[in-house]
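Below is one structure, written out as structure tokens; the observations come after it.
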Amino acid sequence: MSYPESYKYTKEHEWVHIEGDRATIGITDHAQHELGDIVFVDLPKPGSAVTKGQTFGSVESVKAVSDIYAPVSGEVTEANELLAKTPEQLNSDPHGAAWLIKVKLSPSNSETDSLMSAADYQNYVGAE
Amino acid sequence: MIKKVSRHIVQNEPLLFELSSPGKVGYQLPELDVPEVSAEKVLGAEHVRDDIEDFPEVSEFEVLRHFSRLSTWNYAIDLGLYPLGSCTMKYNPRVNELVARTEGLAWAHPYQPEELSQGCMEVIAALEQALAEITGMDAVTLQPAAGAHGEFTGILMIRALLETRGNPRKKILVPDSAHGTNPATATAIGYSVENIKSNDRGMVDLAVLERAVTEDVAGLMITNPNTVGVFEENIRKICGILHDKGALVYMDGANMNALVGVARPGDFGIDVMHLNLHKTFSTPHGGGGPGSGAVAVAKVLTPFLPSPRLKRVNDRWSWNYDLPQSIGRVRAFYGNYGVLVRALAYIMAHGGNGLRQATLDALLNANYLRKLLEPHYEIAYKAPSMHECVFSDDRQAKKGIRTGDIAKRLIDYGFHPYTVSFPLIVRGALMIEPTETEPKRELDLFADAMISIAKEIEENPELVRNAPHSTRTPRVDEVTAARKPIVRWKPESKASLSPAAD
Amino acid sequence: MLDVIGLKSEEDLVSYLPADVRFDGRLAIPDGKSEYEIVDYFREQGARNASGYASFLGAGVYHHYRPVLVDTVVSRGEFLTSYTPYQAEISQGTLTSIYEFQTMVCQLTGMDVANASMYDGSSAVPEAAMMAVRITGRDKVLIARTVHPEYREVLHTCTQHQGIPVAEFEYTKSGTVDLDDLAAKLDNETAAVMVQSPNFFGIIEQIEELSSIVSRKGALLVVVFTEAVSLGLVRPPKEADIVVGELQSFAISPAYGGPYAGIIAAREKYIRQLPGRLVGETKDANGHRAFCLTLATREQHIRREKATSNICTNQALLALMATVFMSVYGRQGLRELAQQNLAKAHYLASKLDLQFDAPFFNEFVARTNGKTPEQINRELLDEKIVGGLPLGRYYPELENCVLLCATEMSRRQDMDRVAEAFAKETRA
């Protein structure tokens, strides 16, 4: 699966797609592959705040649970309701339909520098 | 040759609800010797329930057959080796079952007068004393219902003691090899958890530990022998490091089967520990309980033991509730008494020397299996094994076969799998604990099976990957179960019913 | 075997231990005993107890008849000597029976989902409180004083370091919870309101009304029960959010306080917040119905310090006893059994002076009128009857009251004697 060039990536295997003061957040294809069959996704409610580097939810397979860390700070505007009914979407389309949350970035968000490009991330998971 | 586990006459038993026919009954009550009352009248119609919808309606014989048939779908110690590491699946002596049903004990009400409970109390006192002797500790509480409950009780006492010293502190240290219950327990008592990395011998790294132990640390939870089956050789130093900083040491006694009669935690510096009576002391696991998590403490912690405590007054036992420093109750009444009776019977049958001999036999069996399997599987740590041995699937993983696959293939050979993928510090762990009650023949059969599987992995890995092949039920779809949980039967589901294999 | 390992004697195995920890002494435990001696010892201890007495004690532990089939089933080695059913392929027996258990608990309580059982009723109480805290994001818990006193003690012990303040609320002169006191204490920080029904005094609470009061404030209603037989006849607490209770009444021996089997059941939407083990239905590789442990990610062995609970075991064998009991009595029998309990308790109660006037099931509080509970019980012991529980220790304001219980096993002539002991003048 390809890693969109327009996304930024974290060492904890999240991606973020920033458009203006809005961002969409998901987990990477590498992450879903490592987790195996995903059975449950726990996401924050719209209106709650997420902080860069802090967990905002979790993804569960049958025998493992992984925290998801926010790549940026902001306020959740939408959580992907599709995943409540069909968590398996996260296995099939992690970079597209199975995004996790959309956030409105906090004004102070100049913190995206530490994130990786698609190429860097692919190197990173190749090397891990 | 594959020895089939399957021995099912009936493959196809429906659920009780599906067996039911309207009006069928399996009981008979005696005739009422008092006037009948109208529930609507004495309770009020609003308090009377409707019929219990879909509740079973079956005959007595159907109940017996149903559960007998279900039972044939289970593996059990009674049928063969059950080498689950850290679970100590030993023979459950049947005399224990008989004595637990002794009328005066089994029918004793926890609130009956103390003068009519002396026998029950005597049994509790005798077991407390025996366990204190075995652990080398000062006192024992039998109140906790299971191991994790015992951990909870022990850490609560540590907190209570530290509070009397003015500061409950903030952290509990847990080695990365620990059982998952340890960190869960520390959190439940308001402590944060700091993981301590093991060294390359599978033991607590003293240098790492020394750096971690600060004035913020309330205690360390350590399993010894640890979960890779290795005795922490520096245990005295470890206890010393904690004690020097005013912290305490909790020992998870899940692996006590390696120590009874040959080493006593109280002697080597442990402050508080639990014992799993359903492991070390042979009470049956019963498909997941009941257990008992007796907790033994050093003198410094005795004032904090759960209430009530037994005391001897005028040659009689009585319950003492006047314990100002006690942490309180961790459950109603006095513990899983029926389990305590069985554990005492086990201790009586063995005696002091017999208990020590059982330990030696447990060490012998584990080391024998280790020697037989070492040429075929990668031992996780070279340090000597105690009562269990832990391998990794490193060699087999090269063929794409993981520990979980090997475990499933073992089922085809007529054995219950070992503990899979634990401890977490071993990649692809195979954790094998045979216990002392296994005869050599059974160990040899098991080793043969393991060796045969190792060969199969070389020659025909697919055979292993798709195991088991011989059970009534092949691999089940745990993913769908978790994605769309169905945790109770409903009449609608009759439609989706498909008959089981023939 | 020693040759294979390369050792001369079994004693050499002890050399695996560091010298400074070896125990060189002899355990001060007498030499091993024969089977006969062991049986004899326990018989002797049993005989020192209250053998052959009629008993009117309840208070969370009940004397009900245990159908013979129960021990027949649980004595099968395949149930008795198996471990937690992690390996689904060779554990379908246990898994299927737990699934039936979960279903029957739901049918009885009116809840949607139930777990595979808890340690006992008392330890299920703090688990329900913590579950409500997780669900609501609030931290306060209110518990009725009419919940079993030892259950309340366990709640206090278990929540004290979790940042969960626990407060109690009063009961009325009728013996039901005091709704005014509840309303005064209930606020927007309350996560759970916990009541017992039938309560510790045997009295049935108004669950519907409680539910509307509690839910108006956004808190969860947790209903506790100790006498499971009541569910054969008494309206189930289906307006509750969480139900916890004790199944000792279902063929589990009193056994001086344990082991028993607790339950926790809840509405469907709370399934992922349930503590403990859960069995789910699925299919095997051949497409046939099969069962397995599910939603394991809630548990400590995966989530470690973030688990919903530190509980590891359930009480599978005792849950199986209860399952067999429920199957034997079934739809019709459980109701008839409950009817008999009701009739017996009301027969005895009709001869005594009751403290409360609200409807009760098979337990009630009687006043001793001039005598102390201890005097009455002393007289009854002489007639080989264990009387009721004196309440003064738990409720100082009820020091001249006794909690009595009658079940299907209570005989009329014994009840008549109890009534006489309450009625007659104290011996000099």
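Letters A, B and C mark the chains in the order given here, with residues in each chain numbered from 1 onward.
The definition used in the following text is that contacts are C-beta pairs under 8 Å (C-beta built on N, C-alpha and C of every residue); 3 or more make two chains touch, one makes a residue touch a chain.
On a predicted model such as this, the values are computed, not experimentally measured, just so you know.
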Geometric centre: closest chain by C-alpha means: B
Selected interface, B-C versus A-B, where C-beta contact pairs are more numerous: B-C
Relative to chain C, chain with the most remote C-alpha centre: A
Where chain A and chain C are represented by their mean Cα positions, the distance between them in whole Å: 44
Chain A and chain B: spacing of chain centres that average the CA atoms, whole Å: 38
Inter-chain centre distance, chain B versus chain C - centres from mean C-alpha coordinates, in Å: 20
Residues within chain B bordering two or more other chains: 478, 482
Chain A, residues touching no fewer than two other chains: 39-40, 60, 62
Per-residue multi-chain contacts in chain C, two or more chains: 296-297, 302-303, 306
Residues of chain A defined as touching chain C within the complex: 39-40, 60-65
Interfacial residue positions of chain C with respect to chain A in the complex: 272, 296-297, 302-303, 306
List of chain A residues in touch with chain B within their complex: 37, 39-40, 60, 62, 87-88
Complex contact set, residues of chain B against chain A: 478-479, 482-483
